[in-house]
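Labels run A, B, C and D following the written order; every chain starts at residue 1.
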Amino acid sequence: MTKMWKVAVAGSNGRMGSEAVKAVENATDMELVATISSAAELKKLVETGAEVLIDLTVPAATEQNVRFAVENGIHAVVGTTGWDEHKLHNLRTLLTQHPEVGVLIAPNFAIGAILATEFAAKAAQYFESVEVIEMHHPQKVDAPSGTAAHTAQKIADARAAAGVAPSPDATETDEGGSRGADIDGVKVHAVRLRGLTASQEILLGDEGQQLVIRHDSFDRKSFMPGVLLGVREVAAHPGLTHGLDGYLNLR
Amino acid sequence: MTKMWKVAVAGSNGRMGSEAVKAVENATDMELVATISSAAELKKLVETGAEVLIDLTVPAATEQNVRFAVENGIHAVVGTTGWDEHKLHNLRTLLTQHPEVGVLIAPNFAIGAILATEFAAKAAQYFESVEVIEMHHPQKVDAPSGTAAHTAQKIADARAAAGVAPSPDATETDEGGSRGADIDGVKVHAVRLRGLTASQEILLGDEGQQLVIRHDSFDRKSFMPGVLLGVREVAAHPGLTHGLDGYLNLR
Amino acid sequence: MTKMWKVAVAGSNGRMGSEAVKAVENATDMELVATISSAAELKKLVETGAEVLIDLTVPAATEQNVRFAVENGIHAVVGTTGWDEHKLHNLRTLLTQHPEVGVLIAPNFAIGAILATEFAAKAAQYFESVEVIEMHHPQKVDAPSGTAAHTAQKIADARAAAGVAPSPDATETDEGGSRGADIDGVKVHAVRLRGLTASQEILLGDEGQQLVIRHDSFDRKSFMPGVLLGVREVAAHPGLTHGLDGYLNLR
Amino acid sequence: MTKMWKVAVAGSNGRMGSEAVKAVENATDMELVATISSAAELKKLVETGAEVLIDLTVPAATEQNVRFAVENGIHAVVGTTGWDEHKLHNLRTLLTQHPEVGVLIAPNFAIGAILATEFAAKAAQYFESVEVIEMHHPQKVDAPSGTAAHTAQKIADARAAAGVAPSPDATETDEGGSRGADIDGVKVHAVRLRGLTASQEILLGDEGQQLVIRHDSFDRKSFMPGVLLGVREVAAHPGLTHGLDGYLNLR
């Protein structure tokens, strides 16, 4: 814990970025050396000797920011969306020229959500039945959530790999569609409820027993421990890592 | 508790009936005076001085059993299905000739399930959002469960009576049908999971808070406290009562 | 809903008061006519024609504020603590001179928490076992929470009134005290967990079934629907009402 | 799945043993070749060509049964208690003379309970707060349950190894003991509720998020998938394995 990380935050006036500024300032092993609001300010990364850039900006800005960091030997922890295959390919190419630099691009920094998905996929090979329920605030426009769809797919893949039979289901009549969506054989239900932020619950059932894994995100602060974990680990993981699960000790 | 009820059980060799026999035998305020397996044995009701008949038989037998009881001044607690409007009408007519006799016909004797429905309907007038999730064993052929559909309808009625707006829902895309069935404006989700018997969960949400009411039935023994409550209360409720909630003190 | 309530908020620069200001401003049937930060500003109540005063101040100020309101024929909805028996007695005396004025003093405005307690007390007469688990943020200095203690006491009272036996418990060894606190025969457990605000869960068990009633408060916004309900109902309830449950339609 | 395992069950007239007989008979990849009720019947193991012995007997019988199996080259899956260090030492010695034989001794065959403990210990290194709640039927004489104590200890060990600070707790007053037992820094709460069999819930909390892992055992049938897994895996794990987690694929 004697290491003090010199950290810069890009997108520091956004909602996530401003939380990250606070989180870095409160971390006893980090020093906030720069905040960056535009491309013109990227040079501050070099001037301040930043070791890690946290990028929480917008799709139009993130690529330029991350490439600038890599070219200057600065690691990057990225929560911005918009990294398509083309951009990722170019970034990997750039990283081969800077083999000591690490970049983490993570679609979800809530450690609990990632663990819930990992645990569910592992457990799903041992249970006859599995279903997913996600619960979100009622302003959400898509259903089911991307996280729940991702969880269901990982469960389906794990069951396929282990040769598990489909979840039993004798339903004959369900006119209203109460049985939910089917993602590769895994049922997914979406609840919309005022008061909630983002939750997912995985139900696993077998003869005489049930295992339930539930994650609740109450607040965007829930992403900050994952961001800080990324800062602490990124230098030890050179190259591109996709997904925070690559940094978690799950063995 | 000094009163000792003389109780007979019809359908005593069925699954529910045999549980009822055990429950009556274990109740300190009841005496099992007769078990009845066929119409020919109905006279035992009179011979043994039975005060209450528990009918847990089959649709083809229940009407004859209950009418025999009423005609002989014996109260009846009935869990058998098949009581259509025609049979109920005839029973009401018969009861007018025996105004001291009480009959309880209850589709569900699980006190907790009835309370869950009642509480949910009361609470639903105070919350912006409400959804229902029911969870059952995977041999169940219909979805959603009758209990969940009944709960959703009672919630919808209570909200209509109180002038509550529909639950907010900004969903634009839901190709797979993850948002579940819609019962008069209340979303209902059905989960099928090995290991479960019968559960229902009502989620109520408002700004900054959530109220969850959940009932789990693990075993058909869960119906017995309700059956015994029916035996103790039926004499005090002459005429026909439909639903055990009529005997519960919910004020 | 054509009635527009003229509402004043005392304590408008406090945490709860500032939420109340926002809530009143957002309510389509209310008009915020005054905010009051000191005794010197109380006259604004009269000048603006306020009909209802929301008092969310401090124990040292609340009595003067409420008495001023009552003396001027203005109803009051009070969430401030510190109303001991002496102050309540004096207020009741004052109200006899203003029989048309209503005052609500409520220790808890979270409608869901009040409903959870009410429902639990009603259900507890029908279940063999009942226990309470409260869960709060780890800065809380007292355990168990006042709400949980209140819930346990109401459950104990309801069971005593219904003649229910104590919850069965064969525990012989429990050196570490895992079975929790005992409030008049009802076990209460307190969990402290980062990320939570205030939750309580009541578990009711019987042969083969379980009923769970859970309330989660995620945010102090959860109190606002109860405050607004108080504003809408206070004029229809002249005299002193203690506890928001007096305004809820629970029959 | 073409392999057909020849399986014998010792203790076949006990509660667990009779469940195991049914489970083996229902398994499509197993053949029940013998049931053993006494030491005199052990020779049936050899006569029937049994490959795996399931021992669900009593402490006084299990050692003799398992040693007989090992001496005859038969694998053993053991759920009987009473294996102290002395007996285990002797068994290990015997196994060195039969290096191809596998023995599994498992205190708990409920796969879900084992997974819950494993997942909780892994997750506990990433969360600020963690507490354990166990819930059992009210005939249980000890509190907290052995499983919950074991889970709490594994959590404590994982946090110690990862250098995680103790869960924050500002409690100053708790006269009644609502905060539960302390197992190496991890709070454990025990609930006793009619209707439940055996449940444990691990709550993990961090800034703005919560992860809950819950296992419910409804019935002793919940042990059978673990017993069958043991039968299928024991030959591939020569020597002594303690705990079913040694056979689970958790990477």
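Simple rule for what comes next: a contact is a pair of C-beta atoms (placed from the backbone, for glycine too) under 8 Å apart; a residue touches a chain by one contact, two chains touch by 3 or more.
In this text the structure is predicted, and so the values were computed from the model without any measurement.
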Task: Over-half contact-pair match to B-C, picked out of the listed pairs B-D, A-D or A-C - done: A-D
Open item on the list: On a CA-centroid basis, which chain has its centre farthest from chain C's?
Closed with: D
- [ ] Indicate whether more than half of the residue numbers at the chain A-chain B interface occur in both copies; give same if so and different if not.
- [x] same
Task: Separation of chain B from chain D, taking each centre as the mean of its C-alpha atoms, in whole Å - done: 39
Open item on the list: So the centre of each chain is just the mean of its C-alpha atoms; given that, what is the distance between chain C and chain D in Å?
Closed with: 46
Task: Gap in Å, rounded to a whole number, between the CA centres of chain D and chain A - done: 34
TODO: Going through chain A residue by residue, note those that touch at least 2 other chains and give them in order.
DONE: 127, 195, 204, 206-210, 216, 218, 222
Open item on the list: For a test of understanding, state which residues of chain D touch chain C in their complex under the given definition.
Closed with: 127-131, 133-135, 138-144, 148, 167-183, 187-196, 203-210
Task: Complex contacts: residues of chain A adjacent to chain D - done: 110-113, 115-116, 119, 122-123, 125-127, 162, 204, 206-225, 229, 248-251
- [ ] Over in the complex, which chain C residues touch chain A? Could you list them?
- [x] 195, 197, 216, 218, 222
